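Below, subunit A partners subunit B and then partners subunit C, in two separate complexes.
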Partner chain A sequence: MNINIPIAIARDEWRYWARSKLALFSCLIAGLLIVASLVSTVARIESERVTREGFQEQARETFESQPARHPHRMVHYGHYVFRVPAPLSLIDPGVDAHTGTVMFLEGHRQNSAVFSPRYASAQAGPYAELSPAFAYQVLLPLLLIVLGFAAIPREREARTDYLLYAAAVTPTQVWLGKSLALAGAACAGLAPLVIGLVIALSAGESLLIAAYMLAGYALYLFAWVFLVTAVSAWCTRASTALALLLACWTLLCVITPPVAATAAQTLAPMGGKIATDLAVVRALRDTGDGHNANDPAFAKLRAQLLEQYGVDDVADLPVNFRGMVAQWSEAKQTEIMNVFADEKMASEAAQSEVVRWLSLLSPALAFENFSKITAGTDLSQHHAFLRDAERVRFDFVQKLNNIHAEKLPFADDMQRGSSPEAERRTRMSAANWRMLEEVTTQPQTALVRISASLPQLLIALLWCVVTACIGFLRMNRRLQDAV
Partner chain B sequence: MSETVLVAEELCVDRGDRRVLENVSFSVGRGDVFALLGGNGAGKSTALLTFLGFIHPSYGEAYVNGLSVKDRIREVREQTAYLPEATSLYTHLSARENLQYFLSLTGVTRSAQEIDQGLDDVSLAADVRDRRLSTYSKGMRQKVAIALAILRRTPVLLLDEPTSGLDPVAIDEFNSILGGLSQGGTTVFMVTHDVYGACQVAQRIGLLQHGRMVGLFEAGDGGQISAEAVHKTFAEQQSR
Partner chain C sequence: MLSDLGRELRFAWREPVVRWTTLIAFGFTVFALTAGLLEVRNQEREIAGLAAATVEDQKLVLDGQPDPGSAAYYTFHLTYDPPSALAFAALGSRDELSWKHRLRMLAVEGQIYETDTDNSELSLIGQLDFAYLVSILLPLLVIGLLFDLEARERRESRYELVCATSAHGRGIFLVRALARCLILAAAIALPFLGFALYGGVSIGDSLLVLALASGHILFWLLVCRLVTVRNLEGATAALILLSLWFLLSVVVPVVGKTGVERMVAVPDGGHILLTQREKVNDAWDLPKSATMDPFLKTYPELTDYAEIKRQFEWKWYYAFQEMGDQTAAPLSTDLYEGMRARDGAMGWVALLSPPLMTHRVLTQMAQTDVDRHLRYVQCARDFHARLRHFFYPMLFGPKPFSKENMSELPQFEPCIDRES
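The block that comes next holds the complex of A and B.
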């Protein structure tokens, strides 16, 4: 095939757009929206990163600068951890917008993450959620529809197709030329994304994942290019093509995602938060009250320690029995809370899996998943943050319990309610509070994210191939019935 | 007759259950102008489009330069320039841009001077050549389409109502151009309603009525076909 002809057709299509007020206006609006989404998201994410890192440092300093206290008071004083946005959040904030980004860590409890950006920006209206990912996944396909719906029927309506075919141009060359023109528009639309990726690279993102994300977005837009040209090739009238394409866009970009989410909730149901919290409380009740060393739940521990140290009374133990109880109780409770947390995360992951399977129905849905996974802002990343936060919580609580058990005399601990002198001695030095681990949740490695997102990319590729085949075959048929 | 370039061999074309061409046969020699006349719906354009492969005969075959339209459509189209009935050029382009674009699609390179010469030949005013076709009258667009057909310099011209929309002066100029092309060896097959215009330029005229060839007129040596004779036959057929 002579490739010069499709290129000439593509160039003319660009010239047509350049002289069409509708096309120019649409490109201007789409361009402004994309650039605005990038600028606003970069500014927002950078501000959140600085804020969260600042608050994280402040929270650490506040914890470490606490005066001398009983270590168990520090267990309940607690500590805050903040999730720092991933570098590619500026392209796709992903689940960050819905899930919390701050967690309060304390003894005996696994608190939920709070302060999601969506909640925080509720008063700012929907614009607050306009991310580059949304602009590319939902708005840019709309621009491709506006530019391309009439690409082929316009020739037929103006009867220029006669002249093209009579000039030995094949319908396949016409289809390819129109697709090339539209693909060129899609590539031009990716320019702001490249800028966003460069910013993400400077924030520490890997070049491999940035290139992969760019290729993925290009592929997604090409799927739309071929869908638009396939429908355009199928319809003899431009108005029919526009109506059909708008219906496809509404179905694939607007209706399918919430329908998939609802289907996921139905197919992989989760227990409600209240029911789950009550079940956790019931299960924890059986482990005993860690604040009461005389709770029968700790009789076995008491017996073990007495035997281990060869003494008859807990007062004779070389360790603080109350501290040991607190340590043992925290471990038991954490074990139980982790079971519930794992179940919840498994349920959420199961729902995500359902949505991923339903992605076969919509390239937009598939690509939404691809984008989040690649950006490191998907559910698994949020789960990693929760696990990391729990590791930090358990670590600092047990370290405090260990200080309680190892450094604080049992007798003073028992008398601190009645003796101010004993109470003073139970206050541990502030130097002990320098124990906090960092929450260092980072996006998974490039290769892990690529392998996790590959199936979603393949779905977009499948759409690309299928729609390209439909357009190609339809145009080949048009050769037979060109009149 | 000189070497045969266009051949219609017992062409039958059906549309649904209606036969629009019935056993139509004719041939056109190199450098000849063959005009097909007939009333509305007689099948003139159908016969012409059969040579471009846009319409497939249910029986019979069409040949261009010995090439079967059915089997060698790409080569056939490379050898023919087509002027459609409804002028179909891009209204977002100027006359010059239209010519450059369509010529580039056919792989033909013409210089700016040659394009201007083509537009001079069809008498398109120089000051409108860079204006978009959306501002042109029907006649002006027709001139651009004719210029395109001429500039392709193909051995065969297929013209569907070429003088439609042209003023009398432009028609005379067009007929003069056609005469020149014919003398240069270009074979022309045109369908038209214009009996008098056809008689001025055509060496042979076919008369089509309800899809059948009902008359074939041939000019004598150096002479013209009698418009009265054609008109009389046409009127007789119409009244039947």
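The block that comes next holds the complex of A and C.
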């Protein structure tokens, strides 16, 4: 097939747009909105990042600059970790605004991440955020519809298609040329995305992910390109094509995503955190209270320690029995809490899985999932943060309990309530508090994200192929009908 | 006029596009209302379950506590805000603004911001509830029904004929538009009325919701008329209308939100939390009088019982918890006032965006908005204060710690009735 003909048709289509006020105006508005969404999201994410990193630094400094005191007090003094947005949040903030930004870490408890950016934000209805991802998901398809709905019926209405076919141009070439023209517009529309990706690259995002994301965005837009040309090839009249395309857009972009979310909520209902907390309490009841070394639950630990060190009384142990109890019960409690935390995360993931399956119904939903997974701003990323925070919590609490067990004499510990001197000796020096691990805020590796988002990309590809086939077949059938 | 309307209704019903749109509207209304009702029932069931589990837990914990200090320390209480009767129609912000807490007598500032939110990915996508349907989807359906009304007749060269044969002249197209919108409104109103009756919503509230939805339809009907009378091609009219929809549903709310947030600052959550912790923890290293003196200013009646003799005493422990709350109070007041001011300012923004206005009024009526959340938070804080006032006499001494006295342990009651 002569490739020059489709290119010539595409070029002609672009020339037509250049003369159409409607097309130019739409391109201008859409372009402005995408750029505005990028600029505002970059600014917002950057200021969030600076704020949260600042708080993280402050939290660390205040912890490490605490005066000499009993290590168990540091366990309850606790530490704060802040969730720093991923580099690609500037394209797709994903769940960032809907998840807590800060979490209090302390002994014996797993707290929730609190103060999501949405908590104190002004409530602006269902569409409260105009991120580049949203603009590409909802706005650009609309632009492609505006540019392309009449592409083929226009020729039919003006009867210029007969001229083309008489000049030995095949319907396939016409269809290809019109698709090419629209694909060109889609590629031009990707320019702001490329700028965003470059910024994310400079913030440390991998080149592989950036290229993959670009490819995914392009594929989604191509799915719309082929949908537009398919409907355009199907309809005799431009007005019918437009009505049909707008109906498709409403169904795929406006209705299906919230329907999927609602279906997930209804099909896989989930208990809240308080229900989990209560279940943890029930399960913990037998583990014993780590504050009370005489709790019968610790009899076994006591017997074991006495035997290990060959002494008759806990006071003669070379380690502080209270510290050992604290360490042992923290480990035990954490084990139980993690089981429940994992269960809760699994049920959340199950809900999201329902949405992932329902993306078969809409490329817009598949794209939404693809985009946030690739950007590292999806639910699993938040779960990774929660797990990471839990790791930091357990680590510093156990380090403190270790100091309690190894460095702090048991006799002083027992007398600190009544004797001020003993109390003074139980205060461990401030040098001990330099122990905090960092929360690694980096998103999961490129390969993990790519493999998680690949099914969604394939769904978009499937839409591409199906709509392209429909367009191609319809185009050739039309001609047969006409002949 | 009425007979004309009747005829136009019959005409409209014969159009496939009207039938399809009506079917879509009806189907998704039923879906949205069913899902909303299931969600509300779920929330009610969860509250009942948590309340029962909390009572059971309290019994187990209170049994065998040696003193009022540990009784207060280990007893958790459930505070919650039940969904209103209309909540199924507008689930609102309940997925993100907590409506339940598990509180104990420690500093409330350290507990009240705990969140028990739903799956964040679902919150991000948003739910298809009745409020979404009416505020976002309905305008698109109205546009779909009306954009081509006159242009089609012009294309078919029937425009003059239609006008000439009608008693209303060009007004016939208004009647036509009304007829189509009436069918659409019925497709939404009938299921809603059914669900409202079933869900126990008062007739007045149901009618108000319908009036709101009708008002929103009417607004878009007028917009469609204003655009389509201009002798435009159908495609051009559709694109103009769609741009208006995008402008009013997305651009105005987003720009308004950005502006409001810039104008009304709220303290950062991290700041509130860090300040609160420092204040509570400082007390451990300060002389006892630094806590007890200001505490006794608030509770002079406890002065005779407030001497702290040992290194650790529960009454001092709870006193500094409350003092920590008092020092952090200005920040939390700022936060809540900021949230309220932002919400108020968004009310003004909503004047520029009927979709946002519709959504706001619906969530207000369903009491699933910021205002209700703030009232609930105050309710939970009041309960926390009740708890303190219950324990202080026992902690400080005038009242003995006995089974009998503990049987009067405050139990949380939601502040706002389901019916109100």
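As a working rule, the second predicted complex is superposed on the first by the 470 of 483 C-alpha atoms of A that agree within 3 Å, B and C clash if a C-alpha of one lies under 4 Å from a C-alpha of the other, contacts with A are read in each partner's own complex, and residues count from 1 in each chain.
Just so it is clear, contacts are C-beta pairs under 8 Å (C-beta built on N, C-alpha and C of every residue); 3 or more make two chains touch, one makes a residue touch a chain.
None of these values were measured; they are calculated from a predicted model.
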>> Contact-wise, after the overlay, does A:Thr101 reach subunit B, subunit C, both or neither (first, second, both, neither)?
In response: second
>> Once chain A of both complexes is superposed, is A:Gly310 in touch with subunit B (first), subunit C (second), both, or neither?
In response: neither
> If you stack the two complexes on chain A, which partner ends up touching A:Ser20: first (subunit B), second (subunit C), both, or neither?
Replying inline: first
> What is the contact status of A:Ala261 with respect to subunit B (first) and subunit C (second): first, second, both, or neither?
Replying inline: second
> When both complexes are superposed, which of subunit B and subunit C contacts more residues belonging to subunit A?
Replying inline: C
>> Show me the subunit A residues, by the header's touch rule, that subunit B contacts in one structure and subunit C contacts in the other.
In response: none
>> Taking the touch rule as given, give the residues of subunit A at its contact with subunit C in the complex, in rising order.
In response: 22, 26, 29, 33, 40, 51-52, 55, 58-59, 62, 67, 69, 73, 77-78, 80, 82, 94-95, 97-102, 104, 111-116, 118-130, 139, 142, 146, 149-150, 238-239, 242-243, 246-247, 250, 254-255, 257-266, 269-275, 277-278, 281-282, 285, 348, 351-352, 355, 365, 368, 372, 378-379, 382, 416-418, 420, 423
> Which positions of subunit C touch subunit A when the two form their complex?
Replying inline: 17, 28, 31-32, 35, 38-39, 42, 46, 49-50, 53-54, 57, 60, 76, 78, 93, 96-97, 100-102, 110, 113-129, 132, 135-137, 140, 144, 148, 151-152, 155, 233-236, 238-239, 242-243, 246, 249-251, 253-254, 256-258, 260-261, 264, 266, 268-274, 277-278, 281, 284-285, 310-312, 335, 338-339, 342-343, 345-346, 349, 353, 355-356, 359-360, 363, 369-370
> Mind pulling up the subunit A residues that touch subunit B in the complex?
Replying inline: 2, 4-5, 8-9, 12, 15-16, 19-20, 158-160, 162-170, 480, 482-483
> subunit A touches which residues of subunit B in the complex?
Replying inline: 49, 52-56, 74, 77-78, 80-82, 84, 86, 88-93, 97, 101-102, 104-107, 132, 152, 158
